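In the two complexes that follow, chain A is the common piece, with chain B as its partner first and chain C second.
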Partner chain A sequence: MPRETSSTASNSPVAGSGPASGDATTTRAGRGWLWSLLGGLVILGGIAAIPTLGSDTLTSNWTIITMYIVLAQSWNFIGGFTGYSAFGNVTFFGIGAYAVAVSFLSNPKVISPYDPQRPQQFFIGLLAGVVISAIFAFLIGLPTLRLKGHYFAIATLGTSVAVEEIVTQRDVAGSGGLASPPFPPLSLHIAFYYGFVALALVCLLLTTWLARSKFGYALVAIRENEQAAQTLGIATTWYKVGAYVLSAIPTAIAGGIYAYYSSGFEPATVFTSSISVTMVLVTFLGGSGTVLGPIIGAIIFEYASQQFALSSGQATSVFGYHFGSDTLLGVAIIIVAIALPQGLVRVVQEFTRRPVAGGAGASGNSRANQFVEGVRRVRKFIAANGI
Partner chain B sequence: MSANLSPPTASETILELQHVTKRYGGLPAVDDVSFAVQRGEVLGVIGPNGAGKSTMVSLIGGSAAPTSGKVLFQGQAINTLPPHRRAHLGIGRTFQLTQPFTGLDIRENVMVGAFFGRRGLSRSQALHVADEVLARVGLAHKATLKGDQLTVADRKRLEVARALAMDPRILLLDEVMAGLTPAEVTDAIELIRSINRDGVTVLVVEHIVRAIASVSDRVLVLHHGRKIAEDTPDTVLSDPKVIEAYLGERYAKQKQAEKDPAQPASEWMEGLA
Partner chain C sequence: MQPIVDWLLLGSFYAAVALGFSLVWGIMNIINLAHGVFIITGAYIAYQVATNLHLSPFLALFFSMGMLFALGWIIQYGIINRVIRGPLLVTFLLTFGLELLLTDTLQNLFTSDNRFINSTIEGAGINLGSAHISLVRFISAAIAIVLTAALAAFLSRTRLGNAILATGMDRDAARLMGIDIRQIYALTFAISAALAGAAGALLGQMQAFYPTRGELFTLRSFAIVVLGGLGTPWAVVAGGMVFAFIETFLPVVLPRVGVGYENAVAFAVFVIVLLVRPTGLFGKAFYSQ
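Right, the complex of A and B next:
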């Protein structure tokens, strides 16, 4: 059987010894993943500390920011790692939200907003949302993940529109889909907050694992060249569907938490395409396919968006037009597409990247020189990838 | 293990095509082709541009499905298997139009082949295989470059390295010598021989007739999608049908051929590459 023996038999002297094999445990960006994980933990730790500041406004603002971190992290699995531009991931968010709303409804004792809470209804709803979303992602992914590029984007965009329509027409959770889960007691708000933080933490760990695991390598190979990936033995269909299901699950949980947190929503709120677009945008802003990108992108964009909404609320209108946060969304899309298609994280990586060993000594050792070199690399990087 | 010692006589079929046809919009790219590859041999495939060579490689590798006919690997019909299943059976192929993972470095490119093409390797084992294979094809010093930073010749080497990392039973090479210097062609021939000595059956598609003639046990000629000859290199290269197939193409391009019909076949064919 030559198949089993040939490789081990051909132990070439070059590979058997020397630096090549000593190096064998480092890959993709070396130990960068460890720094990314640490960075992520620090950021999430900081977010976890915000409620201790005692400002309800701040806490509720960061509840939403953290929710978007989770949404972006989840989108990153299919869009960032696998390279499939899903434009309908809000579908899973909406399904998660409606599963919780329906679960509350199914227990008549808690229909009234002020009834004593039944936490198990909430968790049953969450679980149902996860299961339904995962199955839905599987069933939708199997046919649509055969489509490439724009076609996949459009097909997935279609799913959220379709599901929204069904929920509206079928009066799911209320007439016209108008859902009113019970008002959570104020004491629960902190639980929602840490629910999102915990979810973001799980997604961070998942992403770090993906960046190093066999599963993650399969996804990246599919993104970089699907035909080659297949030919080298990667069961592309299953990996793609797996990534899609993986991206659906945390999204659905986020939707479920949001449903209880919001205590009232309609189909247009939880199925709106602008949530899908925001997931894509913030991931690209931070750096799609990276560990930290979705976190950083979501924080920057959502924070800016909240400030913008605040100020435009006061400063009314410009040229008779009222600028809302959707305007910011639009402008941000244009800026990211033109100048930063690789994302902020990769720009920083480029800046801090140590020059290849043995390069001409021109760069010198002083901090100033390193800075200048870094800026030069970043300018080259942006020029090469953007504009 | 010793099946490769006397390839043509130890006739055990590893791969067989039975009346395989592939049509693109009515036009046959591969037209009713049948042949068998013996375990341990090197089978050369030549033919003018557009003869259907790459299409045939894709039909075996699985990235294209035959319109009709059967592809058998080790006696099993594989026409309906997706490419990754064929990879797991031991079919490794390269692409004429190279298909690197552009964002991964060269080492990782090859590592993916070992990681997914074989069963049960850990990441560091797969990387180890990648380093071995890179040294073997002469790419070790470029291991940290990205997939899109290579010259055409190195991209071809990468294609071979990735397929080799899968530890295939049969290796399908689609014009991997295009763009190499004569000295590099000699190295490539030596590489193919050494791969074959390790027990791997090789199907090598090439335009460089000198290379095919020196490396192949047998040569198969495609023309307009049809098999027009299949025999030892010498017999095939002096076959009037084969010469005519190439001359036909040559007439269309330039008339120089007429002037020197005494030239050995392998030399004038070279000029058509």
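Right, the complex of A and C next:
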């Protein structure tokens, strides 16, 4: 028996509405968002407390993890809520980084690293990065968001490759784009950390707002059925472009902070597709289009890859084979795509979902039965993508 | 005269580059981001065979094709078939994961040094008026055209080819007709990988290659397929010709946009075509004939 017959006969009343993507969140709208927000606040609160432990290594590891939380959360606006497969969001990250670098380099009068004008220069760069990224997202989004599926994905991927090439060829911020701006040594290294935490908090609030607001509902409607959304009078183009700009802004700020944090970078490091793909991967791992998904996914993946000593660029050798960071990113992608394409958050929701009264799945009330039912639902949920 | 010869030879070679990419996209609706690295893998296999067994690189091409056929089969049957009904983004992500994995493996096995396959007929050529036709490039272009013709004939003349086309048109109807779509998908992907392997063996004799070179060829394949349209194998040749035309003559018209902007050019061509004529220049609704 082909599998899709059994999945359409599932016990959910909305089962006919295509892949079981968003219905868990939308039908359980109730107070689910409040719990998600609280959960997010607790997680971010925990992260904010980490520097008090006093370990520098731990703090710097979690700086990068928090950065990926921000990146995944902002990708979620366009990829998760709107369902547009943006594969080039690293473009905005790179633009943010280069805006800060250029801002520092553009004021040759300031030579002493302790000059009081320096911090201003950073914020000017950050602001410039945000403005340029927003305009760029608008200009690129307007034509490319008319494209569907694969075409949009490749268009965004191509954007990042093309921008990288242009930055390299035009020698932006240094020969070949090699930027090492005269950043002042920051006495408070922790500033980067809380910069990212604050950004993650803003993104969390934005995501919660999206999950509850008319704007967010319009985006979900576009994801589920764009033509129907248009028929209902949603100005789809503007909502899509809005979501794209919204996802570009935090990414650009993160790029700007990263530029200062890293103190020197080149086009290949801040425009690499690996960053774009990591955003997508961790959001999928956690659950795209959910409030908590990007946070959980980013923490799990980045923590795991740091444990494999990957994110630092070091390679681990097993049987003479050197596992570069890309190997494990690749393996993680394959595992997540096969086993968990709906994300951890949705799997948990699917597991705990109560069967509809009178439905085929409502068999017995004992804990053991409910557990078995849950496992069965999850297995069906995961297997639904294959042939 | 010389630019025209260069253009025609490059265009034929580009057809070989994008042929497999177009097949997988048309039949399975999958964008194989690992296509570029398949090509590079093919180049490395041909390099190894040609240097270690002292064979002509054009014979080494068959080794590349065979090994990539097997690799493609395993990848589709073991991995991609498991997510083929999932959202578009999942297959897209998955092939990107494969690309990272393969590129890293190549780097492990062969380092990231530049390689070049020295052909036994290196430097030989024909002078045609003021133009010089390199024999290596000429044979490569001929092989590319032969591969295109072979694929077109296979798809339209054989039962297996018809089964592939039928699966591409309607997966569920094809299954009801008794076609084992898992096998057909595996076969389609394997053929696509074998064609990439052939393109790689040709590439290795024309330019230097290294593991991360693949990305450029994926992007080019996409631009070529979009230019030609997802119609038939011959549409890929048309797309390759148009793309090669732009690459050959753009530096003549705009000298400043020459070397170094290959990706940006491929991307710009791609976006402009999509906006002006989304079905490509010779595109049809699905892969047929």
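Definition applied: the second predicted complex is superposed on the first by the 308 of 387 C-alpha atoms of A that agree within 3 Å, B and C clash if a C-alpha of one lies under 4 Å from a C-alpha of the other, contacts with A are read in each partner's own complex, and residues count from 1 in each chain.
Note that contacts are C-beta pairs under 8 Å (C-beta built on N, C-alpha and C of every residue); 3 or more make two chains touch, one makes a residue touch a chain.
The structure presented is a predicted model; accordingly, all values stated were derived computationally and were not measured.
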(Q) Looking at A:A368 after the superposition, I want to know if it touches chain B, chain C, both of them or none. Which is it: first, second, both, neither? (A) neither
Max touched-residue count on chain A (chain B vs chain C) belongs to chain C
Inset, instruction - Examine A:A235 and indicate which partner it touches, taking first as chain B and second as chain C; both and neither are also allowed. - result: first
Notebook entry, point to check: In the superposed arrangement, which partner chain does A:F284 touch: chain B (first), chain C (second), both, or neither?
Noted result: second
On the A-aligned overlay, A:N225 touches which partner chain: chain B = first, chain C = second, or both, or neither? first
Review point. For A:L53, is the partner it touches chain B (first), chain C (second), both, or none of the two (neither)?
Key: neither
For A:V161, select first, second, both or neither according to whether it touches chain B, chain C, the two together, or no partner.
second
Chain B and chain C footprints on chain A meet at residues 2, 21
In their shared complex, chain C is touched by residues of chain A numbered 2, 4, 19, 21, 79, 85, 87, 143-144, 146-147, 149-151, 153-155, 157-159, 161-162, 164-166, 168-169, 273-274, 277, 280-281, 284, 321-324, 326-327, 329-334, 336-338, 341, 384-387
Per the touch rule, the chain A residues reaching chain B in their complex are 1-3, 5-7, 9-12, 14-16, 20-21, 24-25, 27-28, 212, 214, 217-218, 220-221, 223-225, 227-237
The answer for chain C against chain A in the complex is residues 25, 29, 31, 79, 81-94, 96-105, 107-108, 175, 181-182, 185, 215, 219, 222, 226, 260-264, 266-268, 270-271, 274-275, 278
Per the touch rule above, chain B residues touching chain A in the complex are 1, 3-4, 61-63, 82-84, 87-88, 90, 93, 95, 99-104, 107-108, 111-113, 115-118, 123-124, 127-129, 131-132, 134-136, 140, 147, 162-163, 166-169, 198-200
